[in-house]
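Both of the next two complexes hold subunit A, though its partner changes from subunit B to subunit C.
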Partner chain A sequence: MKMDISEDAGVVKVGLVGRLDTPGVDAVETRLTAALVPRAARAIVDLSGVEFIGSLGLRMFITIARALTRKSGKMVLYAPHGFVAQVLETAALDDIIPVEPDAATALAAVRA
Partner chain B sequence: MSSAAADGSRRLQLKLPATPAGFSRGFDELRHGLDALPLDPRARFGVELVFEEVVANVLRHGCRPNGETRIQLEVALEHDAVRLVFEDDGPPFDPRERPDPAPPTDLEHAPTGGRGLMLIRRFSSGLEYLRTPEGRNRLTVTVPRVQRDGKR
Partner chain C sequence: MKHTTVSEAAALREDLKSFLVVIEHGEAVARHLLGLDPLTVGRDPARHIVILDEKVSRLHLQVALLGGEVVVEDLGSSNGTFMDGQRLSCPTVLPPERWVQVGSRLLKHERRSHREMEREAELHRDLEKARAYVQSLLPPPVRTGDVRTDWFHCPSAALGGDAFSYGSLDREHLVAYLVDVSGHGVEAAMHSVSVLNVLRQKALPGRDFRDPGEVLEGLNAMFQMEEHGGLYFTLWYGVYNRAQRMLRYASAGHHPGYLFAPGAPPEALRTRGLMIGAAQGQRYRTAEAPVPPGSVLYLFSDGAFEVTTPEHQQLDLAAFLMLLGGHRAGTLGEAEHIYKQVKERARPGPLDDDFSVLAVSFD
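Right, the complex of A and B next:
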């Protein structure tokens, strides 16, 4: 699991590439949480490179998004595709965390 | 030590310890074995998702307090479906008794977990559980090879 984190104009940009299965979540969760939550970040997360996600990946996003919201931060996911998008839809994740089709709409949503 | 074998009968067998390292190795071996099977992308994703959720559940809830729980998996490629039979020697656990979580209403009150079985149900067409006379959990999950529109 590969993760890139950068910042641009007050928004943290996270790129995830690979599989958000149990080993993948184990590899990134602590680092992602530490990069976003203490600073109450406004963050957009690119899922276009994620080829697999299970319930543990959903749990990771819910836990981080909730921690951010409590500190007036925000997380927006964008560009899930294929079966990853189906998993997010099955769990109705977009009812509680914004899921946008691309980076531009994600940026607008995270700044709203 | 886990092992995998795919033979001409289109079956794949795995044995792995219910540990994080066993999970990771077992998943790699499963994916390698699946590469040799003619599966459409949805069935392939479904098989991997079922493995992820079932094995993660055994790691979280099904390990014996003393001694190592071992998981055995057989994947059989049938005409219209892939049948996955998981066996473990952990405490009795019938996942069919677990209801799906209620739809989330807001982020603050959304449950963090409990979605694994819901995902299994979405990507499978059958879920059977048996506590064997030998004291093992046997979970059989059927993943369809044919989509609802009739395409394979």
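Right, the complex of A and C next:
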């Protein structure tokens, strides 16, 4: 599981590539949480490179999103496809975390 | 804090033993103690370690403990033994925590103390107890009457959080549900047991168990993930009214249940709702569907179809529905047959997640 984190004009941009299964989540969860939660970040997360997401991957996003909400931060996911898009829809994840089709709409949503 | 003394540390070092661990799809499936006699590895059943893989020769390699070091020797196999991507051409020392590749398996050298082995065995025993406890709570199949059930449940090696049940709410109403807790291990299994017990005991004060949406809201209020070890769960919950032949249902983060009626395409039964425990104050809608005579309702966990094939492709829901479509009317052992068909399509070894299929057949 690969993860890139950068910042642009006050928005943290996260790119994930690989499988968000148990080893994948183990590889990124601590770093991602540390990069976003303490600073109450406004963040967009690119899922276009993610080919699988399991229940622990969903749990990671929910936990971070809840922590950010308490601190007035915000996280927006974008560009899920195939299996990942199907899992997010089944889980109705966008009831609590915005899921956008691309980077531009994600940026607009995180700044709203 | 207890510090390990120099003599204790020396004793621990002396206690360390070498093990050869067989790793399949990232999971340790067997652990062999290395002793005075070398261990042979191959496809032939006469070997100490048998690997059923066409890329493994009948007698492929041997592993010996020589002067305290683990030495691997390829015995002229057709497809080779590899360490760090290099094919072994002579006996080679395998240091602790390193591995060689043989076909699709890894053979890893682990050094463990007696105490560590005992601790691991204890954890394994706990897992087995939890597995047995979950199994004991699943209801027996119903083979007679106007509504019959059949199911198959196979926990994964790491034990997931699947559980399900069914039964009468009153003379007119029957209930069936399937729970899938996030994550694996004893923690997930025990959480699924908690949820199952609340539903079995109807322990949601003020909630009408004949109203699926109301039940989901009650569970969501009771099982917020921050108060339950960060665990959430998905759920499909349905209530069948015998007199009206009507099924009322609601789901939370779960894929649909599927109703197969004679002569009709399968009907996906799902209401859109967030997983239980993920956020407070969620509302869950109840929907309903008529149940024609001869219908079969299938509930299943995602472990039934999120299966990796030998070609490392994902078996998906559509492929799984094709399998279900090949079965009819809750015949005896049907759910187990579906499991066998999924296993035939999956890569060798245990499935990644719990496998649960519940079939409810209606006269």
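Following the convention adopted for this analysis, the second predicted complex is superposed on the first by the 112 of 112 C-alpha atoms of A that agree within 3 Å, B and C clash if a C-alpha of one lies under 4 Å from a C-alpha of the other, contacts with A are read in each partner's own complex, and residues count from 1 in each chain.
In this text, contacts are C-beta pairs under 8 Å (C-beta built on N, C-alpha and C of every residue); 3 or more make two chains touch, one makes a residue touch a chain.
Bear in mind the structure is a predicted one, so any value in this text is a computation, not a measurement.
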item: Partners on subunit A (subunit B, subunit C) - clash or fit; value: clash
item: Subunit A residues touched - subunit C or subunit B, whichever exceeds; value: B
item: Subunit B versus subunit C as contact partner of A:D26, first or second or both or neither; value: first
item: Contacts of A:F52 with subunit B and subunit C, given as first, second, both or neither; value: both
item: Which superposed partner A:P38 touches (first subunit B, second subunit C, both, neither); value: neither
item: Which superposed partner A:P101 touches (first subunit B, second subunit C, both, neither); value: neither
item: Residue range of subunit C overlapping subunit B upon superposition on chain A, of 5-13, 23-31, 41-49 or 77-85; value: 23-31
item: Contact residues common to both interfaces of subunit A (with subunit B and with subunit C); value: 22-23, 52, 54-56, 58-59, 62-63, 66, 83, 86, 90-93, 95-96
item: Interfacial residue positions of subunit B with respect to subunit A in the complex; value: 20, 23-24, 27, 41-42, 45, 48-49, 52-53, 55-56, 59, 103-108, 110, 112-116, 118-119, 122
item: Subunit C contact footprint on subunit A (complex, rising order); value: 22-23, 52, 54-56, 58-59, 62-63, 66, 83, 86, 90-93, 95-96
item: Residues of subunit A that touch subunit B when the two form their complex; value: 21-23, 26, 52, 54-56, 58-59, 62-63, 65-66, 69-70, 82-83, 86-87, 90-93, 95-97
item: Complex contacts: residues of subunit C adjacent to subunit A; value: 26, 180, 182-184, 225-226, 230-232, 234, 253-255, 272-275, 278-279, 282, 306, 314, 316-317
